[in-house]
Structure formats: structure tokens, C-alpha cells
Amino acid sequence: MSQDIQAEVLAKVAEVFDKHVPFHNLLGLGIRRYDASGVEVEIKMKPELIGNIHQKILHGGVTATVLDVVGGLTAFSGLVISRDNWTVEQLQQRLQTLSTIDLRIDYLRPGWGEVFSGTGTVIRAGNRVSVCRMELHNEKGSHIAFGTGTYMVG
Amino acid sequence: MSQDIQAEVLAKVAEVFDKHVPFHNLLGLGIRRYDASGVEVEIKMKPELIGNIHQKILHGGVTATVLDVVGGLTAFSGLVISRDNWTVEQLQQRLQTLSTIDLRIDYLRPGWGEVFSGTGTVIRAGNRVSVCRMELHNEKGSHIAFGTGTYMVG
Amino acid sequence: MSQDIQAEVLAKVAEVFDKHVPFHNLLGLGIRRYDASGVEVEIKMKPELIGNIHQKILHGGVTATVLDVVGGLTAFSGLVISRDNWTVEQLQQRLQTLSTIDLRIDYLRPGWGEVFSGTGTVIRAGNRVSVCRMELHNEKGSHIAFGTGTYMVG
Amino acid sequence: MSQDIQAEVLAKVAEVFDKHVPFHNLLGLGIRRYDASGVEVEIKMKPELIGNIHQKILHGGVTATVLDVVGGLTAFSGLVISRDNWTVEQLQQRLQTLSTIDLRIDYLRPGWGEVFSGTGTVIRAGNRVSVCRMELHNEKGSHIAFGTGTYMVG
């Protein structure tokens, strides 16, 4: 029952983030996977996302955006699976107060590629504050960037 | 003579960042001021930049983008004014290798507003690596976010 | 009445941090000032604090320690002055759960000097989480390091 | 031949960091392992390292110190193994300019334990700047803290 609620909430959040956040639509950012086992956020290279025309590199702000979205979703799923007796209402309320406190991005390599994929892990799970690590890879598996984010989850 | 070169290079860079970076055009990000005394980057709120539909808050990725652009421009202007005998060619070469090593963003308040303005200061000026502090305010002077960035400048 | 409680609590905390924290005693770290207007933490150079023998530079871990202590005290004083009706018991409880979530240090200049002084400011004041900026200067006013810390305050 | 030089240089550096850095002696910080495969820095709990008397927690400044030392040694070993034809003199010169640009620490759990061990990995290897990730565990394998550091290596 409760795991149904968890899965249902995550699926709804994924749909909102995938289709109804204006800035995600502008960038073409999509939620490829979002369940209790984790999240995968994808973005396809397109000319509008370029930061350096000569070298055709993904703008660092796009990298930051993807990692921040991944971190928020990771922190939220960590909260969702943290206990069995959440109600839908409680989780909706938590989602509304979910926010990034701080974010660190380490740019490792130039953002070359066709499709970029962001994944994350909770490294400190709290009832109020969670800390996540995020990574961005291109379609060849090159490690483009690391992220560390502190999120308010309640 | 040299100050002319400095001013000329900064003006050119401002034009490129203002008009010829695809991602800046997509967002509507503009360079309002860029000279030896500093930089001001501006972005006007528009529906596509929203991250939270219910609260109409600027997406955290937009904040990160503005602060990263401010930081890069601040680091570069710090380099430009660091000595008098730069040639245009030397500065162009430095600009090409300019890159963000790491970036920390502290989100202070929800991104509400009509026009957001980013400014920065060099806090560690090096021949190879510079560290800058950046700030984002809205048109009422509310402090939306702080940034700290480490930039490769040579 | 309440401002008396606030001042009393801050004075007690200052005494504990100054005299009863073993690691502060080991380093010779002292609380020079701690009231509603802010905090000043001081550390005198001594041979044991050196990290680089040839250049006689303060160890980066000492810088980190001072900035972290400053940040925690700054966050706590921000909480104390945030409302008038704290009881001593409530503040004691908050102090016990006070902890650093994350800390960023920007090392600006080599740590040369006789006496180092750390000061701080709250940049995001929350009921649960606060973000502070900290600075370390030597006795000549040279800016040695910047810090940014996120603290759990409740 | 060159691998001999590399091993010799790392062994010498390990000896200096283990025995001749005053602040390391004060804390009881030791280099347990330092070779081409990585570094392990160890610190034993002792009353002087406590930051919270009631809970007997390792001071956050000790955690920061260990992670910074680990990060610097990791960055340096990454440089040493980056090419085969270093001379001892070149590496000594690089060691003298080795410095921390910035450091982020994520405190995950209270620092309880008898022996703490710090390890690290290079995540961005450059000829001038390297970025490392560091971790601190206690003797039971509990993950106490994460670190991310940017180091000047040349």
C-alpha cells in the first residue's frame, strides 16, 4: 500500500518535472527514470544550449541546471523512501518546501556530446536537510561534471 | 594606449557574450555593463525561466547561469587590468582558455522579481587561477543568491 | 528581560567555546568578542600551528577550524537575536543540535602573521538552517581566507 | 628508473608530512600509506581533539584538516604519476607551490570513533590545477565526511 503511494508520488513528480516546468521545456530537459532506485535526467545537445560557439561546448549553466534538478529529485526520493507511512498530502507538502540551499559544481571536462545524462545519490539523509552528490556524463560515458548539493526537504 | 586595448577587448567580449552566445540568447541574458570597474549581467523574468509554476520562482539553473557568467567575466576583467602590456592576441588566447573550475551557489531567497542583476568581485587574483564572488539581486534590491567561483584564467 | 537572556546565553557560550572545548585549548583559539553585534575569534601564531616549515605558514586546517568556529557562533547568535521570547532552555537545546552541514573555504593568501582574527555574517537566516560567510585576517589586515558555511540551527 | 624516482619522491613527502609538519605532530596525524595507488591518512581520537565535550565528537576542524591533507597528497601523487620523465628537482619545485585553492567539506555524521582514516581520489587532473574528492571514515567504516578540494599543482 505505502509503496504504491511512494511509486505514485514519484511518478507524478516525474511527470511535472518532465512536462510542466517551463524552464525544463525551454531546455529540452527530460526525466528518463524516477523511482525508488534513483533518478536519471537527460538533455540532448541542441544549438541553443551552446556556451562556446567555436568549441561547441554545452554552457556551464546547463550543466548546473541538470545537476540541480537531479539533486532535488534525488533528495526528494530519499525522503519518500525514508518511511512507510507517508500520506500523499504529507509528501505534496514536503515537495512544495523542497529547495536548494547550496550547490557546488566541479567542471571536469568540456561539455562535448550529443546526449547528457545526470544521476545522483543521497550522501546525508535528514528529515529536514539532505545532501546529494550528482554526476553528469555524455553518451560516451565521459564524466563532464560533479555536483554536491544541500537541499531543504522539510 | 594599453588602457585603450583593455577597454577595446572588454567591449568586444561584452558584445560576444551579449549577442553571440546561443544560450544567453535563449535566456535573454544581457551584458549591461563591462569595463575595468566591473560587470553587470541582467536577465528579465519571462515565463520560460520559471522553475516553480505555483510560486512563479526563477529556476535555480537560471540563477546558476547568471552567476557563472558574471564570475567568468569578472575573472577575465581582473586579468585584463592586471598588467598594462597585454596585446590583443594574448588576451584573446586567455579568453579561449577561460573556464570554470568550480562554482558554489548559495540560494538565499526565492527568485521573485521582474529584472535580476548579477555583479561580481575578484577575491583572489592569479595569473592562472582566480576566485570570484558573485551576487544576484532583483530590481527591488532583494538579495537572491551568492556565488563563489574558481576560474582558470591562463 | 529577553535581551538579558540573549546576552547571558551568548556570554555563557563564549565562555564554553573559549575555555572548555579541548581542541580550542590545544590550538590556543580564543573568543575575543561575542554579542548580538557579532563574533570575533582569535588565534595567535605559534610553532605548533605551522603547516609549511620553510615558509612558516599557518596550516590550512587551522584556518578551516577558525572559520568553522566563527560560522557556528555566527549562526547561533543569528538565531538568538531572531526572536525575543526564547527561554534559556530552548536556546540550550538549539545549541546542542547546532552542527555544520557543509563548509567551503577559499584560501586567498598564505597564512603569514602573528595574530589571526575570524569574523562572520549571517547571509541566510532560517529557523532550521542558516548560511554564514566568514573571513580570516591577520594583524595587518591581510585577507587570508573566506569561508561559506551552512549550519543546522534547529 | 622513473618509477623509482616517483616512489622515492612520494616516500620522502610521506616522511615529511608524517614527522616534520608541526601541526600534524600536534594532532597526531600520520601518513599510513602513500604510493602511486593512493594515500591513507590516519588520526587517532584523543581527548584534545574533541569539539563537543558532552557527546565526545571529533572537532570539525580536525576533520577539515585531515581531508585537506589527504586532498593535497592525492593531488600531488596524481601529478607525480602523470608523466614518466620528472626529475626530482622538478617535483620538489611543484611540491613547494602545491596549495589549496578551495575546499568543501560535507559533514555527514558526528565524528565518533577511535581511529579515523582519510582517503582520496583525483577527479580532475591538470598540469596546473587538480580537483580531488576525499572521504573520512572511522574504524567501523562509518562515513563521517566528504571533501572536495581544488589544488594548485604547478
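Per-chain numbering from 1; labels A, B, C and D assigned in written order.
Rule of thumb we're sticking to: contacts are C-beta pairs under 8 Å (C-beta built on N, C-alpha and C of every residue); 3 or more make two chains touch, one makes a residue touch a chain.
Computed from a prediction, not measured in an experiment: that's the story for all the values here.
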item: Any chain that touches chain B and chain A; value: C, D
item: Chain A and chain D, separation of their C-alpha mean positions in angstrom; value: 31
item: CA centroid of chain C to CA centroid of chain D, Å; value: 24
item: Multi-partner residues of chain A (each touching 2 or more other chains); value: 101-102, 104, 106-107, 124, 131, 148, 150
item: Arrangement of touching chains [line / ring / star / complete / other]; value: complete
item: Complex contact set, residues of chain D against chain B; value: 101-102, 104, 124, 128-129, 131, 148, 150, 152
item: List of chain B residues in touch with chain C within their complex; value: 104, 106-109, 123-124, 131, 133, 143, 146, 148, 150
item: Chain D-touching residues of chain C, taken from the complex the two chains share; value: 20-23, 25-27, 47-54, 59-62, 64-66, 68-69, 96, 99-107, 110
